[in-house]
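Structures given as structure tokens follow.
Note that chain A is present in both complexes that follow, paired respectively with chain B and with chain C.
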Partner chain A sequence: MKSPSAIFNMTIACSAGLVTLLGYFIPPLAGIRDVLLQWAVILAGFALLVGIINLLSAHFRKLSKAKKGGFYSLVLILSFVGSLIVFGVSGPDGSWSLLLFNSVQVSVESTLLALLTVVLAYAAIRLFHKEVTRATVLFMLTFLIVLVSSAPLFGLSNTPLLSELREWLSSVPIVAGARGILIGVALGVLAAGLRILMGVDRPYGR
Partner chain B sequence: MADIRCQMCGKLNPSNLDVCQFCQARLRPVWESAQPEEEPLAGSGGEGDEIPEWLRSLRSPDMGAGETPSGSGLDWLSDVEPDEFAADAVKNVFDLEPEEKLDDWLSGAASLAEPESPKAEDSFDQVRSELSFLEETPFSSAAPEEEETPDWLDRFRDEQGEETPERMDFSPAGQEQPSPEEAPDWLARIQEAQMGDWSPPQEPASEPESWSPESQPEETVPEFTPSEEAPGWFTEPAPASEAGEEAFGEAEEPDFGAIFTPETQPESAESQQGVPDWLASLYSGQEEAPSPFMAEPEAAEPETPSAAEKAELPDWLSGVAETSAEPAAAAGGIYTAPLEDEFPQTGAEGEAAEESKPDWLSELEAQGASALEGQSPPPFTPAFDDFNLEEFSVGEETPDWLSKLEASSSAQPSEEAVAAFLFEGKGETPFTTEPPGEALPQVDAFTGLPEWLSEVTQAEEPEEHPEESGKAQALAPTELPAWLESMRPVEPAASATPFKDATDSRVERSGPLSGLSGVLPVGAHAIRAGKPSNFSIKLQVTEELQNRALLLQKLMEDESKPKPLPAPSAAPTPYLIRLGLFAVLALAVFFALFLGGGQIPLPVGKAIPQSLNDAYRQITTLPDNAAVLLAVDYSPGYVGEIEGAAQAVVQHLAGRGASLAAISTNPSGPALAERLLQNIDPALAAANQFHNLGYLPGGTAGLFGFAQSPEAMVPFDLQGKPFWQQEPLNPQLGIRNFAMLVVMTENAETARTWIEQVAPAMSPAPVLMVLSAQAEPMILPYYQGKPQQVSGMVVGLAGGAAYENLINRPGDSSRAWDAFSLLVTVSLAVLLIGSLASAALGAITRGKQSKVESSV
Partner chain C sequence: MNLNELVTNLPGVAFILLFLILILLFYFTGRKRGTRFLRDIPAFGRLRHSVGLSVEAGSRVHFSLGRGVLTGLPTGISLAGMTLLERIARAASSSDRPPVATSGEGTLAILSQDVLKSAYRSMNVESQYEADAGRFTGATPFAFAAGAMTLIKDENISTNILLGHFGSEAALIADAGEQSSSLTIAGSDEVATQAVLYAMAQEPLIGEEAYASGAYLGAGAVHVASLRAQDILRWIIAAVILAGALAKLAGLL
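The block that comes next holds the complex of A and B.
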């Protein structure tokens, strides 16, 4: 037998979803729909804040118990506190804020993505070491064609055959595959939305 | 009133009971328990008209109802009959079928088997003792003179219209005569009929005594005469004469005939008068007037009443006459003399009575007279004395009542059945009558049991000794009644006959089981004499078990031993490969930087994709001072790829004088937007031209809400100024204030969300995309679709470089173009070589492994 809280949650979720959906077709419900959306935005922002607090508490607990990796938790906590102080004092668009952002966050993330290049190249090289199959051969050919057509060095990208081949790959197989993925995603989103509206799926908990 | 002792169980019962409260045996005869309220018959009464004439004649005209003739000498009979005896009861008694009434009569007679009186030496005493219960009746205590005539007798008087005679005194001498109310009616009637002729003997009133032969007065019973005066035998007690005693003692039967002997007749001649002939015949001699209770002598052949007599005789009486004839003939059983013999009539009245009396009665008289002629009255035998089932078997001439009894018991007594009581002789029963001449079964004065029963117990004792002698003496089977025989349990068919194993026909010839079959052989071949084989208690382990045990032990040992590590492969570690790849790529980049840039030409002409040209055209055709919404939703890691193209687009928009508003659904978006806006040529940046709206949470819902009500979702910019009230924005238009939407992201989902949620609200404003090369395939359908949802796309570093070349504003993309081109070329070469080398090495390794596996 369902608990009263579960029934209450389901009622709220279903009613809000139905009102938002009907607000597209029934003009009098548009105002209620906008209100509900505003509440959702507020809740999402508050959820981000709660996530940050939870993250700090977890690392603080890890640091307090002197577990393995506590140093990194300390760095995280100090970084958070420092950033909070800098952005709080300088402002989100202050020079110190931008300096901190540009020198730390942007550099770190860019470096991580640069390492991704080496990792992907090594993975491509090791791809034929295990087993040579048709999928791996096709993948390698496509990769080389696209990569060659993008390499302006030695004028390879200006080669008519390569340019037309690249154009065809982009327009036909790639787009077709992309469209199929988009349609599948759209249908999945529709089904998930209906299941939530009907109360079958309860991501908010039972 | 004294209690009545039951003759069956010997327990005392209140006098007002008719049936014993312990054993349900009758305490009184049937006629005693008749309705007492019935008035005695009157002369003009209807009931009196139904009484036979002979019976009416018995009643004295002077006798009133309920009165008994006095001095009759048969006081004992008056003691027997209650005062309440009604005419109907009398009539019923005489009219009823024998089988309906005789059982009670017989039961009453059976109760005589256990008299309470002290030990009687002779049969007469026994009868007296057996009839001692009668003296306890209410009517036995009244004085004869004071007793009223019984009702039944009074009825007789009334019918006859005669003077009710004096009540006949049937009680023994010395006893009080029953009161008129207590005397039976039939007796009163008899007395009335005999009024005038009867002269009951004047007996002094005396206390009622136990009726016993010894207590009987010596006066004999007067002869019954049909006169006004009751016959003597009616009023006088039974004579205690020697004849009577002899009759009872020797013949084992109460010598009622002695009562009616001439010697016992009353002295008064008047008593002789009025006595019916049949009754008088009783006094003519013992042989002429046998007692109604006397059994016929064995020599006399039983004679059944003629048909005429049978017609007149009541059924119960005729049946009794018949049945009594046979047992009387066999062993002196029950005999009921005709009523005429019981009540003989003499004189004129007697003759008249004789003429009027029914034929059956006369026949009975004749039979009785002839049977008893010259013979002494047979001794009294209890009613059940000669009771024998065999004699009263079905099909023979047995009374109906007795035949009914026998019909209820279907089983015939079998000689093989075990007797309920053990007797010495076969077929003997407790009811077996001793042959004539033998003493009547006496009653033990101490135990109260009949002598026959004591004889039975004595007979049982010697049978115990034969049991010790041998087992051959089996108990005499008794004859069980049919109904009891039918109750014998039937053994199941399975166990009817013992199962016999036919496979083994060997018969044991020695030992205690000799003669039996199916016995386990005990011969020498069955038992093997000898010492049993010795079995070692040690575990017998075979070679197979030992091998298995060793294998298990080896497995257990291998588990504890450390496994040797496999030899490292000859191929370099992945760390070195990755390090070499980095080195190669890094050299290419450093070489490009070393070259200074501009060595590799930028994409131009056909090398520029069409989507980029469309994007350029859209911005070029943007109205002046238009508001453009920038969606800065790329992550800081993709700054190197996207920021160049984004910055070129923003430069171009800024050059067009557009008001730019940046918003982001990414928390780091506002910072990237500020970075992006600060890199714009300050000459192009004007005051209040760029607005940073900050972070928009909620993802898809936030974008939809921003699209529907942007002022409600983002009322202020990042500086806290109200954005929607600034020029050239119109608060009324909301999101429609923006003439273009430029989405900058590396995630295809984010781009799709902006396209699906916000672009419809901004329609027909064009949507431009600044994407990473990884997101282009997913957004390309929006660009190639119709209607076209994406107006232009600037993709990756190459697009940025091309766009910067178009606007002729070199930027980061142009500066990174040489390194990018060299890096892509080197990566292509490394991948080709590396893939081939990896494929070759893999093939070699797999070949070696296959060889190793095949050799193993």
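The block that comes next holds the complex of A and C.
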């Protein structure tokens, strides 16, 4: 038997969801829909703050229990406090804040982006170590044609045949496949939404 | 409300109503039929097996919900992720090391904690719940990925499930899973990310497969009914597209 709080949560969630959905089809409900969406945005903003507290508390716990990688937790906490002080004193657009952002955040994220390139190239090679199926062969062929015809490599990108092949791949089979996938995704989203409106899925607790 | 607005909105309302009617129809008529009609998706079979092995071996399941905001388009995949997280938490509730969920969005972190707590409560093992089982690992895509990668390396993870809104950073998380010799099952709503995951994950979930976890992992008859409704509607959409193309070819449109 469901507890009164669970029934209350479900009623609030389902009615808010239903009003928001109907707001897209029945214009008089659009005002209420907008208010609900604004509340959701405010809550999401507050949730980021809660998320940061969660991140810090997880690392505090890791540090206090002297778990593996505790040193990195210490670096994270000190970096957080340092950033908070710099951004608090200098402001979000201040010179010290921008210096910190450009020298640490941008450079670290650029490094990870570069690493991602290597990881993806390695993944493409590794794909052939898996079971070779028609799908993997097709995937790799398409990948190689698009890569070779796009990259400035030995002037290959200027070859008319390759350019035309890439154009055709990009505008016919790739678009068709992507749209097919997107239709499936859209139906999945709709099904997930309807299950929540019906009270079957309850990500807000039971 | 004028007539024009009504006519414009009618197809959308009709489609949603049709979907709802089909779900209810398949729910009431198909309860005895069970899941026999479902095609085989190897990822879910391996997932069930791998979670069982994790419980026995005392290793951990890592679930990443991505960084999709709950006020935008990625909501659907994030909610599908929550459904699967609940199933996994229930299946691994007897483990010494309960699953850990990571996300790159504050709301998802809070919801994942709630889902885990609710799952343990319903299994009468609320003591299994750990305060940091639902973690926010970073606010930017790469910070989120870096946090998840560290967790995979440090916490004896044997199964990684990535189900949510990810960008290309999902490749880094999947690679960390590969490096630690753990199984990685991954799905996303982004088409480009699906291509990346097809190459990176041992078991990629493509397109609507990412939304089918509830039906395949026994979340209830409504999940199976909604999957059947999705199949019917996909055929209808395909028929409409084909009819449109033929009508255009014949010069009718």
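Keep this in mind: the second predicted complex is superposed on the first by the 186 of 206 C-alpha atoms of A that agree within 3 Å, B and C clash if a C-alpha of one lies under 4 Å from a C-alpha of the other, contacts with A are read in each partner's own complex, and residues count from 1 in each chain.
The criterion applied here is as follows: a residue touches a chain if its C-beta (ideal position, glycine included) is under 8 Å from a C-beta of that chain, and two chains touch if they have at least 3 such contacts.
These numbers were taken from a predicted model, which means no experiment stands behind them.
*Asks:* Please indicate which partner A:187 is in contact with in the superposed arrangement: first for chain B, second for chain C, both, or neither.
*Replies:* Touch status of A:187: second partner only.
*Asks:* Once the shared chain is lined up, is A:151 touching chain B (first), chain C (second), both, or neither of them?
*Replies:* In the superposed model, A:151 contacts chain B only, not chain C.
*Asks:* Please work out whether A:57 is in contact with chain B alone, chain C alone, both, or neither, and reply first, second, both or neither.
*Replies:* A:57: touches chain C, not chain B.
*Asks:* Pick one for A:119: touches chain B only (first), chain C only (second), both, or neither.
*Replies:* After superposing on A, A:119 lies in contact with both chain B and chain C.
*Asks:* So, does A:92 touch the first partner chain B, the second partner chain C, both, or neither?
*Replies:* In the superposed model, A:92 contacts chain B only, not chain C.
*Asks:* Is A:25 in contact with chain B, with chain C, with both, or with neither (first, second, both, neither)?
*Replies:* The second partner, chain C, only.
*Asks:* Touching A:41 in the superposition: chain B (first), chain C (second), both, neither?
*Replies:* Once the two structures are laid over each other on A, A:41 reaches both partners.
*Asks:* Examine A:196 and indicate which partner it touches, taking first as chain B and second as chain C; both and neither are also allowed.
*Replies:* second
*Asks:* Which partner does A:101 reach: the first (chain B), the second (chain C), both, or neither?
*Replies:* A:101 contacts chain B only, not chain C.
*Asks:* Give me the intersection of chain A's contacts with chain B and its contacts with chain C, in residue numbers.
*Replies:* Residues 37, 40-41, 44, 48, 105, 109, 112-113, 119, 122, 124, 126-127, 178, 181-182, which sit in both footprints.
*Asks:* Across the complex, what residues on chain C touch chain A?
*Replies:* Chain C reaches chain A through residues 1, 5, 9, 12-13, 16, 19-20, 23, 69-71, 73, 75-77, 79-80, 82-83, 103, 105-107, 109-111, 113-115, 117-118, 121-122, 131-132, 134-140, 142-143, 145-147, 150, 153-154, 168-169, 171-172, 175, 189, 191, 194-196, 198-200, 206-208, 210-212, 214, 219-220, 222-223, 226-227, 229-230, 233-234, 237.
*Asks:* Within the complex, which stretch of chain A touches chain C?
*Replies:* Contact set of chain A toward chain C: 21, 24-28, 37, 40-41, 43-44, 46-52, 54-55, 57-58, 61, 67-69, 72, 105, 108-109, 112-113, 115-116, 119-120, 122-124, 126-127, 139, 178, 180-185, 187-196, 198, 200-206.
*Asks:* Which of the residues in chain B come into contact with chain A in the complex?
*Replies:* That would be residues 574, 577-578, 581-582, 585, 600-601, 603, 606-607, 635-640, 667-668, 670-671, 674-675, 678, 692, 694, 696-699, 701-702, 704-705, 708-709, 712-713, 718-719, 752, 773, 776-778, 780-781, 784, 798, 817, 821-822, 824-825, 827-828, 830-832, 834-839, 841-843, 845 of chain B.
*Asks:* Taking the complex as given, what residues does chain A use to touch chain B?
*Replies:* So the residues of chain A touching chain B come out as 30, 33-34, 37-38, 40-41, 44-45, 48, 92-93, 97-98, 101-102, 105-106, 109-110, 112-113, 117-119, 121-122, 124-132, 140, 143-144, 147-148, 150-154, 156-158, 163, 170-171, 174-175, 177-179, 181-182.
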